[in-house]
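Two complexes follow with chain A in common, the first pairing it with chain B and the second with chain C.
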Partner chain A sequence: MYLKADRLTLSHGEWNLRADGVFGQGVHLVTGPVGSGKTTLASALAGIFEPASGRINRDGILHLTLSMQFPEYHVTGFLVKDEIRSWHLPVAETLRQAGLDGRQNAKTLTLSRGELKRLHLTCLLGNLWDAVILDEPFAGLDCREKKRVCAAIEEGNHPLIIIFTHEQAVLPAADVIWEIEEGALVCRGKVPEAIPAWKGAPRYLTRATEEGAQPKNIRLQDATEALCRMHA
Partner chain B sequence: MQDARLRIGATLLLSCAAFSSVFGAVLVALWWGIIGRGERNLPGRHAAAVIFGAIILVAGFTEAFGGDGISYGFRMTVVTLIAFWAFGHGREGDLMNTAVWAFGDRIGFDLGLTAEMAVSSLRRIEKDIRDIKNALKLKGSRGPVHDLIPLGFALTIIQIHRAREQGIILATRGYRGGGTYLPTFRRSKTDNVAFFGSILIIVAVFVSFVGYL
Partner chain C sequence: MIYAQNLRHRLLDIESLHIGGGHTAIIGPNGSGKTTFLKLCAGIELPHHGTLTISGKEPRAVHTGWVGEVPDNNLVFRTVYDEVASGLRFRRTPVDDIEPAVLGVLSDMGILHLCSRTSHTLSGGEKVLVACAAALALSPELLILDETDTHLDRKAAEILETIIRKRPAPCILQCTQDMDTAARADRVVFFEGGRPRYAGTPKEVFFHLSETEMYPSLWRIAECI
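Let's look at the complex of A and B:
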């Protein structure tokens, strides 16, 4: 099972992004500065942005979805309970998971951005997909909710997850690191070998590696454990 | 056409001329064909089908029920082509520049700011519609008619949220009405010719009316 960007070129006027690589099973983290083309690449991989050249190949992927940065775009249910049902999920259980107990009769689009994002991600990750593409899933969430999303990602219900983010504080365990650099998608490799080469790594990771620690993954707890091991 | 004042002026004159008579619409169509060449900014196939389809539909009904539908259809088509030409080549700040130049720092500033915010919203709505349609497709679209309800609802709420955020930002920055703004304009060699052409057309239409009377 894989999603392959085959000599892809994405264009917006004079702006271009090149992407060539294979996203196999596991959790892939794609980072890059704001405006580098993360959303465009996410849309192209999801098949909703037409590449200027090249193509996307899917192997073994029948059910693919994309979580857009703005959760409002996905809403089809007038009330929260209708929205949950539109994802074919049980209302009470989903409300509990999203931390929205008792809000089933609230109007979906009157929820705050953070609440709506929580609801949307709970519904999206509550379904079974072959491949999930998440565009800035942590935007608008507090630390507790970011950790909950990370836990849902790490549960492994979806064989292939690609996360596009510039989050620097709370990240899930990942298998492969990618970066967008100078108009091209670059694979830094598998975790943990990719960590030293990751230019956009969070500060806690670079600090740990600078001190000689070797984190096993990219989470804060991995950096802390690596430092503890070193000083033990 | 680079100069926003001339483009807005020409748009007003040409729209009036095109709508007032078939003769005016023919002249404006010629202007559009010659002077608007290379700046036509025609919409995509789907948008064109919807917009011109609506015009043809109304024209057809008018013609069928005894009105002059063919004339209406032709005149509205030309007005729409002029609107595409005018809207497509507008740059951010054009309306602000023109409003402040015409009406000053107080009323002009407020009018320009309102117009700029409206145009900016229109441009963002285009992207919102595209994104919402894509999101609905990914979620499992139940057909274009069924999707209209969530699309319209989400679009309305998003616009209300944005308007409130913009209002808060303006209030936070101390906006109470009016402001200081120095309008700037660029002008290309063909601007004067194009604008002069639109004056000639409106004069010709006026003379034709006088002759008719």
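Let's look at the complex of A and C:
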């Protein structure tokens, strides 16, 4: 099973992005500066943005979904319970998982943005997909919820997950790191070998590696454990 | 500088809160009342009960710059130049002074290259930076950033932080979910359940949060070195 960007060129006017690579099973993290094309690439991989050239191959992927940056774009149910049912999920259990107990009759768009994001991600990750593309899944979430989303990602219910993010504090364990640099998608490699080459690494990871630590993965706990091993 | 007394509004329930000038980080879980508090400070909403003053004035009498989290809601005008110039024009700034002010703030923020772009072609992060430029161009007394850094990468967030320090408003309220950013503010207010549960220096507030996910990641790293 894989998702392949085959000599892809994405264009908006004079802006271009080149992408050539294979996303195999596992958790892939894609980072890049503001305006580098993360959302455009996520949309192209999901099949809702037409590439200027090249093609996207999906091998063994029957069920693919994209979580857009802004959860409002996904809302179809007037009330929270309608929204949950639209994902074919049980209302009470989903509310509990999203930390929204008792809010089933609230109007969906009256939730705070963080609450709406929680509801959306709980619904999306509560279904079974072959491939999940998450565009800025941590934006607007508090630290506790970011950890919960990371745990859901790490559960491994979805064989292929591609996360586009610039989150700096709470990240899930990842298998492969990619970066968008100077108009092209670049694969930094598998974790942990990719960590030293990762220019957009979170500050805590950079700080730990500057101290000579060799984290096994990219989470804060991996960085602190590596530092503790050094000083043990 | 900001005084709240017996403030009741939606889920907010603040008996007494004083926030001095300088840079204050507003933190807390989703749905804890952070944005509601910021909206009252900006005068976007009026409190149902109680008083809120900023430098002794009603919030709507204060010159405030507001940058919200949703990038599309921040921009009104067609081009980046017009967006950043808009506040100055509404304030009837002399025409000859507008262009240097606009180019100056765009240059300081490292986004001069966006000047002639149409707003709808910007990425989410670029829209946030342009909205910040528009707010800062007005030299506001109170600058409010509501999870503005959510859509910024590390470098862009650092640029924004540098600019805030280079062009400081007398009072900055920054709601953030990045605890490392909050740890660099002059003071922190932690909201929970509509109430300011802890307020003080970053050291004082994060002392109470040291066993939680909200403790700054760089502090965790520093404690291991």
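Simple rule for what comes next: the second predicted complex is superposed on the first by the 232 of 232 C-alpha atoms of A that agree within 3 Å, B and C clash if a C-alpha of one lies under 4 Å from a C-alpha of the other, contacts with A are read in each partner's own complex, and residues count from 1 in each chain.
Just so we're on the same page, contacts are C-beta pairs under 8 Å (C-beta built on N, C-alpha and C of every residue); 3 or more make two chains touch, one makes a residue touch a chain.
The model shown is predicted, which means the values in this text are computed figures rather than measured ones.
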### Task
Determine, for the superposed model, which of the two partners chain B and chain C contacts more residues of chain A.
C
### Query
Touching A:A46 in the superposition: chain B (first), chain C (second), both, neither?
first
### Query
Of the partners chain B and chain C, which touch A:D101 in the superposed model: first, second, both, neither?
neither
### Task
Look at A:L66 in the shared chain and tell me whether it touches chain B only, chain C only, both, or neither; answer first, second, both or neither.
first
### Task
State whether A:E155 touches chain B only (first), chain C only (second), both chains, or neither.
neither
### Message
Per the contact definition in the header, classify A:L109: touching chain B only (first), chain C only (second), both, or neither.
### Response
first
### Message
Touch test for A:C143: chain B only (first), chain C only (second), both, or neither?
### Response
second
#### Entry: First, second, both or neither for A:H74, with chain B first and chain C second
first
### Message
Show me the chain A residues, by the header's touch rule, that chain B contacts in one structure and chain C contacts in the other.
### Response
70
## Note on the structure
Per the touch rule, the chain A residues reaching chain B in their complex are 43, 46, 48, 65-66, 68, 70, 72-76, 78, 86-87, 109-110
#### Entry: Residue ranges of chain B touching chain A (in the complex, touch as defined)
128, 131-132, 134-139, 150, 153-154, 157-158
### Message
Using the touch definition from the top, list the residues of chain C that touch chain A in their complex.
### Response
28-31, 35, 69-70, 72, 121-126, 128-129, 147, 150-157, 177-180, 212-214, 217-218, 220-222, 224-225
### Residue numbers on chain A that touch chain C, as the complex places them
12-13, 31-37, 39, 69-70, 111-115, 117-118, 136, 139-147, 166, 168-170, 200, 202-204, 207-208, 211, 220, 223-224, 227-228, 231
